[in-house]
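Below you'll find the structures, each written out as structure tokens.
Presented sequentially are two complexes of chain A, the first with chain B as partner and the second with chain C.
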Partner chain A sequence: MAKKMRAGFYSLSCCEGCELVVFDLEEKLLKALEFVEIVDARLFDGNHPNEKLDIAIVEGGVQSELDKKHLEEIRERSTYLVAFGACATIAGIPGIRNSLPKEMQAKLNSKAIIPVKEKVFPVPAVVKTDFVLQGCPAFTHELLDLLVALYHGKKPVLENIPVCKECKERENPCLLFEGIPCLGPVTYAGCKALCPTERAQCIGCRGFTEDANFEALRKRFRKMDVDERIIHNLFTYFNQNPFKKEGE
Partner chain B sequence: MHKNEDFCIKNITKIEGHANLDLKVRGGKVDSCEFRVTESHRFFEDMVKGRHFSQVPLIVSRICGLCSSSHLTTATEAIEDALQIQPTEQAMFLREASLFGEFIKSHALHLYMLVLPDYLGKESVLQFEGNQLELVKDALAIKKAGTDILTALGGRPHHTVNHRPGYVTRAPNREKVENVLNGLRSVRDLAAQTVLIFDKYSKKQTFERKTNFVALKGDDYPLMNGRSIHCSDGTVLGKNELSKHIKEFVVPYSTAKNTEFNGKDYVVGALARIALNSKQLHPKAKEIMDSCETKLPNHCPFSTNLAQAIELVHCVETAIDHLDGYEPHKAEWPDIQGKDGNGIGVTEAPRGLLYHTYDLNADGFVTDSNMVIPTQQNIRSIELDLNDLVPTILSMPKPKAELEMEKLIRSYDPCISCSVHFLKVNWL
Partner chain C sequence: MIQEKFVLKKENLHAFLEALSKDMEVFVPCHNENGATTFLPYNGQEIYTAAQTFYSPKQALNKPSEKEFFFGKKSSSVEVERVKQNGGKMIFGIRPCDTHAVKAFDKLYLEYGEVDPFYREKRDSTLLAALVCTEPCSNGFCHSMGTQEPTGHDLLMVEKADSFYIEAASSKGEELIKKHRGLLNITKFQKPELNFECKKKLDTRNLKEILDKGFFSKVWEEEGKRDLNCTSCTQVCPSCYCFLTLDKFILNTENSERFREWDSCHLQRFTKVAGNHIFRKSRESRLRQFVMHKLSYFQKNNDMMLCIGCGRCISVCPVGIDLTEIAAKIRSEFE
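Presenting the complex of A and B:
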């Protein structure tokens, strides 16, 4: 049997929900510990800031210089770095700050005790990132798949398909036909269309697909008479505003 | 005593979020004690501005991974209050059940994964061996019973997807709930075992510091739909009066605001709830509480863990009674229009009293908001407890004394991500 992989869990600015989902692996967690050794995790272990890692699993986004330094230091001692969950992959909910009016942002930044950066940055915008695992919170089965693949010296392939595909596979009625604005057509699948299956609109927590046709979806929302402000709210839930012009 | 000593505990482990403790002892007394929250500001109160009311609960749910349902429920209630609408019975039923699930999840993880290692002399749960591994399995089983409620009722274990102001987008079928019930019934004994474990550790703790308790009060053991807030100093308040009694203030060394109630430090959370509502506990929880050697309520902060264990029994038993009566109805999807108004929601989160308020404009978009969360209310008490505790443990070797301080901090189950949700704009 190959050597156990040395893993660390890290939180930047976030709710730490993605680190908690690891406990949802339940009995699989104990199985995973047979081939993964957790050597550094502040949430449920001591601090071991000098450990070399095969894989660093990072949740949260970069809000401050402190976060940035911490992230760079983690990168330095890790073979692979995984951005885990929406805050880390696409700036997520904290990234809403990036879409606030400029004056408001400046006001917020000037009041902070720990100086915050002008914007919230996702992990891949700051350091080289080997894998991104999407979702708010992140999905444990994807983490497990990744760990198993790496243990066997393989790299998993992430498909570029939208939530709609998985939603159709589950035979859900389309929410757009019911007048509910849904981001399924432009959002990465992999969640098995969890929200639309609960008849709740997709809010884009897994990030936008590479070939997303925002304009078409926006037209569709307008045809459904959705308030412009709600459309803006939706597109900036978890993601940067795709309609933002350069320099805005 | 003689002693001068500086304690600086960086990145306190096994708590949710980032915090340091700086404590100076001069002449055997605590000269300064600063619980420094070092997590970045998170600006939630500003991020919800301009958002449509229907999206707010899903945003504030992300304040905390451990108590997302509490934030979701509190925001939902506040918005319903602002819009002056009554949620469907189904929505109320499912919300309450979800909170039981959240308490079970949160308490089980905190007690077994974060607190127990201290008492077993291990750095972390990862170092458990032999029989101790059974405790990890037990913890995961209890946690699963809780997260199974959330998954069946809300789509997933964290950040519920189907709750909306006024209604739920989807309700589970009876079969799903049967599975949840089976899970809950299978962990009854484990929940009771948790009380015995923490009674054993609590009875050894002699440290006490008198302070006031603040919690919701009602006919049952109220976790949501807060109408009446009680303080052990005798104050009884409606939710509209709460903001007059809780004063928030900024300390220069921390990114979390602190609070006072009626001008004094106070404690919220499991110990406060039990102090004010012990008669309303589920009979099985009451029975096991009465059989404990540690008598609750007391003023020992370490007893918070025992109180959480008793709540674990309460929530498992009450969730069983509650869900046993579940009958799925056809979901209603009312068309809810925005209107201007101000709304307040008060609930009990696993860590204590949680307060959200929102102002909406005529179209239902948020113009202002405020949130007071449990951990920021407890920070002042953590510091005052340390002031009293530290002089009594100075004869210990430094690492051991530091561990005792960390134990005290962990007993409060602080949730740092929550406490830095804010940014005070009118800043000192």
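Presenting the complex of A and C:
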């Protein structure tokens, strides 16, 4: 076997849930450790800061100057950088504050324990990011697939496919026909339509697809008489407001 | 051909399905655990024959993701191992229109160009027990497409109040009837003429030529604007067959598996080539591909339309895109 890949896990502003779910891999994690060495990770008992890495796996978004410096420093010493989970890829739940009314944002920011930036930034908005692994929490099988592919010298791409495709493969009834607003048509697949299969609408935790037709979906929601506030909240739950106009 | 005519009394239906299930996997129309109607392997569940199923029976033939073969390093050579496709299947209660979708699969995978060995294996061991329709379904237009009578089936069934009329339609079907003769009753009933009319219609006269002329029609742009490209239509369509081939490494080995996965022309990645160039970037071009393939292109290479008129894509579309309406609009513009 070729040389082991050296990996590190890092947390910016987030709940650290994505790193935790890596343990859900169980035996597969043990197998992965045969070709990946985790050299720097708080939860893995391997703190070796400042070491060079083949792959840095970063969860959380950039909320403060501290986050930004930390991220830039990680980028500096890593060959590949992976944004891992919704906070890192699309600003996620903390990013809700970006879509709040201006006065509310100011009030909220003034209450922060450490000084925060005016906005929450996802990782790709701050440093060059090689791979994004979506989801809240992130999907560990996707991390595993990525590690395996990199180990074999391949570069996987995130496929631009909507959740509906997988939802239909699982033969679910469509929630849109039951008056429930679902973000499936505009959200990256890969979760095997986890939420709609459990009869809960997709709330977009895997980010918006590249060619999402937001306007058409919003029209569909309006036709179902969904409250405007609920529509706004749904589109800005995990994602940045796609209807925001330039300069707003 | 057997001279006698048979009925399967409804009280014997489950015994019959159980008996069939001893020899093969029997896909039956039913509700799945999330409440959608589809075809699933029989396990004693209630059978749904009130109307066409929301999902087509195509998963019985082509699963959304299928392993084709395994390949790996073996000292100095590469070893390839075919994955056996599960044999012995029946699609029980397949609707006439859907049997034409199977025929379209046959044309593509078996007759046009190279024979696909994976499909061959699956198809050869699959029996079709067609259930004819006696009432129009919500969005179907089989009468326009000439698909109201089943094709390529082994058994033909007609549902009556307390029984199913059953007739053999192939030698395999005859064998089945002989084998399960004990569960069937002799009847004088004659297969009725089908005399309902579809609610929906599609004028197919010169349709191919008209659509080809309408390639740059404004209709595509108008309809494309509201298209979510959610792929729901291609996913439920019984005759959509496009797939993607991909390899997946097996953890901690030098080995891989090759998969075949459903694709959809509604996706940008469908036409993505080296250098990340995408041929059908706009929504309208992708919607147009879907409709044109169904109602024009396939016919150029095969003597049938790919759309068999089941109407599922219409029922399933969240924004109400309807290919019969698109075709009618283009006809009025270009005829």
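Here is the rule we go by: the second predicted complex is superposed on the first by the 244 of 248 C-alpha atoms of A that agree within 3 Å, B and C clash if a C-alpha of one lies under 4 Å from a C-alpha of the other, contacts with A are read in each partner's own complex, and residues count from 1 in each chain.
Quick note on the criterion: a contact is a pair of C-beta atoms (placed from the backbone, for glycine too) under 8 Å apart; a residue touches a chain by one contact, two chains touch by 3 or more.
The structure displayed is predicted, hence computed values, not measured ones.
Chain A superposed: clash or fit between chain B and chain C?
Fit: chain B and chain C sit side by side once superposed on chain A.
With the two complexes superposed on chain A, say which partner A:N172 touches: chain B (first), chain C (second), both, or neither.
Touch partner of A:N172: chain C, not chain B.
Of chain B and chain C, which one touches more residues of chain A?
B
Taking the superposition on A as described, I'd like to know which of chain B and chain C A:P162 touches: first, second, both or neither.
second
Please state, to the nearest 10 degrees, the angle that the Cα centres of chain B and chain C subtend at the Cα centre of chain A after superposition.
Seen from the centre of chain A, the opening angle is 110 degrees.
In the superposed arrangement, which partner chain does A:V21 touch: chain B (first), chain C (second), both, or neither?
A:V21 contacts chain B only, not chain C.
Quick check for you: in the superposed arrangement, does A:R199 touch first (chain B), second (chain C), both or neither?
A:R199 sits against chain B and chain C alike.
State whether A:I96 touches chain B only (first), chain C only (second), both chains, or neither.
Touch partner of A:I96: chain B, not chain C.
Rounded to the nearest angstrom, what is the minimum C-alpha distance from chain B to chain C in the superposition?
Nearest C-alpha pair, chain B versus chain C: 9 Å apart.
Just which bits of chain A does chain B share with chain C as contact spots?
197, 199
Where on chain A does chain C make contact in their complex?
Against chain C, the touching part of chain A is residues 28, 31-32, 34-35, 144-145, 148-149, 152, 154, 159-162, 164-165, 168-174, 176-177, 184-186, 197, 199, 210-211, 213, 216-217, 219-220.
For a test of understanding, state which residues of chain C touch chain A in their complex under the given definition.
32, 34-36, 38, 54-55, 59, 64-65, 225-232, 235-236, 248-249, 251-252, 262, 264, 267-269, 281, 283, 316, 318-319
Which residues, counting only chain B, touch chain A once they are in their complex?
10-11, 13-14, 16-18, 38-43, 46-47, 49-52, 55, 58-59, 62-66, 68, 109, 113-114, 123-126, 136-137, 140, 143-144, 147, 154-159, 161-162, 164, 169-170, 252, 254-255, 331, 363, 365, 417, 423-425, 427
Residues of chain A touching chain B in their complex?
Interface residues on the chain A side: 11, 13-21, 23-24, 26-27, 29-30, 33, 38, 41-47, 63-64, 66-67, 92-94, 96-97, 100, 104, 107-108, 111-114, 116, 136-137, 194-195, 197-200, 203, 227, 229-230, 233-234, 237.
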